[in-house]
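We just call them A, B, C, D, E and F in the order they show up, numbering each chain from 1.
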Amino acid sequence: RARYSNEMYKAASIPGVAVGLAYTYVGGDILFIEATMSEGRSELRLTGNLGNVMKESATTALSYLSANARKYGIDPKKFESQTVHIHVPEGAVPKDGPSAGVTMLTALASAVTGRKVRPYLGMTGEITLRGQVLPVGGIKEKVLAAKRAGLKELILCWQNEKDVQEINPEYISGVQFHYVKTMNQVLELALM
Amino acid sequence: RARYSNEMYKAASIPGVAVGLAYTYVGGDILFIEATMSEGRSELRLTGNLGNVMKESATTALSYLSANARKYGIDPKKFESQTVHIHVPEGAVPKDGPSAGVTMLTALASAVTGRKVRPYLGMTGEITLRGQVLPVGGIKEKVLAAKRAGLKELILCWQNEKDVQEINPEYISGVQFHYVKTMNQVLELALM
Amino acid sequence: RARYSNEMYKAASIPGVAVGLAYTYVGGDILFIEATMSEGRSELRLTGNLGNVMKESATTALSYLSANARKYGIDPKKFESQTVHIHVPEGAVPKDGPSAGVTMLTALASAVTGRKVRPYLGMTGEITLRGQVLPVGGIKEKVLAAKRAGLKELILCWQNEKDVQEINPEYISGVQFHYVKTMNQVLELALM
Amino acid sequence: RARYSNEMYKAASIPGVAVGLAYTYVGGDILFIEATMSEGRSELRLTGNLGNVMKESATTALSYLSANARKYGIDPKKFESQTVHIHVPEGAVPKDGPSAGVTMLTALASAVTGRKVRPYLGMTGEITLRGQVLPVGGIKEKVLAAKRAGLKELILCWQNEKDVQEINPEYISGVQFHYVKTMNQVLELALM
Amino acid sequence: RARYSNEMYKAASIPGVAVGLAYTYVGGDILFIEATMSEGRSELRLTGNLGNVMKESATTALSYLSANARKYGIDPKKFESQTVHIHVPEGAVPKDGPSAGVTMLTALASAVTGRKVRPYLGMTGEITLRGQVLPVGGIKEKVLAAKRAGLKELILCWQNEKDVQEINPEYISGVQFHYVKTMNQVLELALM
Amino acid sequence: RARYSNEMYKAASIPGVAVGLAYTYVGGDILFIEATMSEGRSELRLTGNLGNVMKESATTALSYLSANARKYGIDPKKFESQTVHIHVPEGAVPKDGPSAGVTMLTALASAVTGRKVRPYLGMTGEITLRGQVLPVGGIKEKVLAAKRAGLKELILCWQNEKDVQEINPEYISGVQFHYVKTMNQVLELALM
């Protein structure tokens, strides 16, 4: 039933992969978001059976990193001669919604900077263009799925803290929560 | 219920963010419009689940600033080597209509010039290509929502003044109204 | 009910704005068509919730001016490094049909040449690519709306003269009619 | 009822206009096809509410002239720096079908070479990419409409001759018929 | 009923035309496929009311010739500065399916190399990207139509030989069959 | 019933062809995936009546090879001046799903490097952007079809091993299985 070799991912040894949390009609789940850069035409390729809202999250993540390139030590010309590809595995499953924003941002920033993402870390939250993280739904189901999958740290929007407080603490013992307001906080926590 | 860290926004410390007023099926609300510029192909990226009319407002704002670049101290070549991105947060919510025109214009002008938008300021109104501001609907609901959200000044079309006069003054005490005819007046009031 | 500050428009002080006549399901009306040129990629931007037939009118107007550039004192290279934008305000209202052709031509020619459009002038008529003006429908309703709105001169196709003659002369006293066969006649009458 | 100033057209004094024959649900009719060339990006603009089959005829005419440029004294590089626009007036009326092929070819060849089209000439027929003219339907209605409109010469496919022979000769006295097999014959007959 | 001047075609005197076999709802038929090259932007134009599967055949033929250019004495840079147009006449009739693959390949190869196609030759078969010919349906109807139309040689996939063997030999006397496995065999048989 | 000259393919003598396994509504089947490179605009052409999920697999394969070019001895600039075409024969049959990912990757890598694919080898599995192979469905039907078609070695995801173990060993005697975790393992096994 576990389709990924999750251990490999969660202790991810390559830059460009981040772990998100999803809330689907069968309950909470974790999902992986992958990003690569390659020489070529300036283009954003999005695959994995993504809906329009989820594609917009990826566009927003790219614009944020591009507009704030210097802040993250990225050559602002880098995106002009590179093809960026963001993929969400399990192409047979349609995916949508804004809540993978922080995960897309993290995977992309990891690919661009070459810095790996902290292992056993998951996250969920909408992103904005100017750097805020917004709260999302399905927190209880997502957090329980993260725990089941063996994640040890989670990044959530500060406005989702109240949703976590409603979960029986026994169910999530050993999981450390990071509540953030900004996308900058996400990247500081997530990138090694 | 308040999804944004509104305080941060309303006392916005970064250029490129403006506050608009929306009239949705659940009543009046405020919304944030974000704009960024980044090095790259001349392109207008629009995200946030926007309908065609709202996208046309953004295109109109961009053409107005581009055609009147010198008047606002903008290098007319600036748009030729920069990607402009306008985002309206809460990507899960479809948005449409022309009334965010003044807000898009303001966010974009703020991003291009680097001048911040006046804090605690909201606005609503359709824009035209040659610089007029046109009246919009839902004024009562929008203005009450602005008051609730803590906004202190509002920019409206002069033809919406009559709609404000129909509101019980007690409900909107402390809110200062600016009635305008032109997009130039909007930018003079809004940009610091 | 009057959404524009019509006085300002009709005594238009800026090039690029022309007044057309529309026949909608609520009766005759006037409409404004705005055009701007700005430095940038050669592109025709069309906004204002326009249907395909109306967009084709704009394309036809642009090709006519481009193919006859020298006749109107326009540098034929001008369109190669400029973005042309034509907007029809009131973005919430869908608009379609060929009858705004002469108005689009006039607004565009005004923007390109920098010559203003004669004040208190309205017009309606289909255009062709090689310079003819074709008759359109709804003349009675359009002419009465023009009179109500304070327009003083109207340009119509010569084949619409019979439609005007069916209107009670008392209703349109003080309005001067110009009947034309060609787009060249339109521009000679309209541009100052 | 006659919407064009047909006299002007039929004694056409400008290159780029040719007269076709149409068979609509209200009977036979004549139609004008207009073509212009202007400095600019290599592009084929098609307007006049055309269906896909009719658009393909225009594309085919353009490729034929481009591939056989030298044969018609056309600089083969001409199409690389010119925008070609083909327009069929009366934008409110949807039009489709392959029978305007010869007319599009003629209007386009006239615009490119600067040679005028013979006055009082009409034509109808499908074109192919390698230079054949194919027969079309509705010949009786088209020919009678051409007679009514005052046309004096008609170009048809040789395989439509039998359709003309079924018309009462009295109805078409004074009309001269040219039956052709190739697009080259069309252009030799049509261009002055 | 015969819409083409078939004699001219079948004894084709110009490169770029090949004869295919079609199986339509009214029975078997022959069809002509035309190809031209002209100076201009690298582009594949497809006309003749073609469905997606038939368009993909054309794309596949182009890629095959491009990838194997040297083998056929074609300058591999040729496709980079030439517009390729493939047209299937009778634009009013929708056409689809993979069986015109070999015919498209042949017409295109003929246009590119300037070598004419063998007269009185017809063909039908799907093509692949790496050079195989695949069998197709409707062989009996297609072959009988080819015989009626006066074709003297037919190229078919070797796996369609069994379908020919089921036809009464009297009906197809005088028709020579070539059974092939590869696209290379098609071109060696078809090009003069 | 066997439409391919399978022997030729399975003992494939040209680079760019790989054999996949499909599970269709009529049962298991093998399918061929073909890839070519040709001089020209940087573009990915996909033909063979492919659905969106299958097209995304091809895009993912291309990005993976492009981002990991040096690892496979590929000039990273190669994709910038070459047109890549991936075709899945039998254009009349719609195809979709992620399970052809490993086959597309292999065909593409073979075309780019010029290394042939191991003969009598089949494979099935989803690919990700960062190099993992994911399990797919229909394994029993696919494996039996591979056996019937004469394949001798199969590459599957390690998580599909349990599905193979449920098949009666007599049915698949003589077939060698390779279970992999990564796309790198696929290419090391498949390319000669």
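Methods note: a residue touches a chain if its C-beta (ideal position, glycine included) is under 8 Å from a C-beta of that chain, and two chains touch if they have at least 3 such contacts.
Every value quoted in this text rests on a predicted model; they were computed, and no experiment measured them.
Although chain C and chain D carry the same sequence, what matters here is overlap: shared residue numbers make up under half of all numbers found at their interface. Bringing chain B onto chain C by least-squares fit of CA atoms involves turning it by 60°, to the nearest 5. Note: centroid distance chain A to chain F, computed from Cα atoms, is 30 Å.
Averaged C-alpha coordinates give centres for chain A and chain D that are 59 Å from one another.
Across the assembly, chain B contributes no residue that touches 2 or more other chains.
Following neighbour contacts from chain A out to chain F and onward until the ring closes gives A, F, E, D, C, B.
Across the complex, chain E is touched by residues 2-5, 8-9, 14, 16-17, 32, 34-41, 45, 47-49, 83, 85-87, 89-92 of chain F. Across the interface of their complex, chain C is touched by residues 42, 52-53, 56-57, 59-60, 63-64, 66-67, 69, 76-77, 79-80, 97-98, 101, 126, 128-132, 134-135, 158-159, 181 of chain B.
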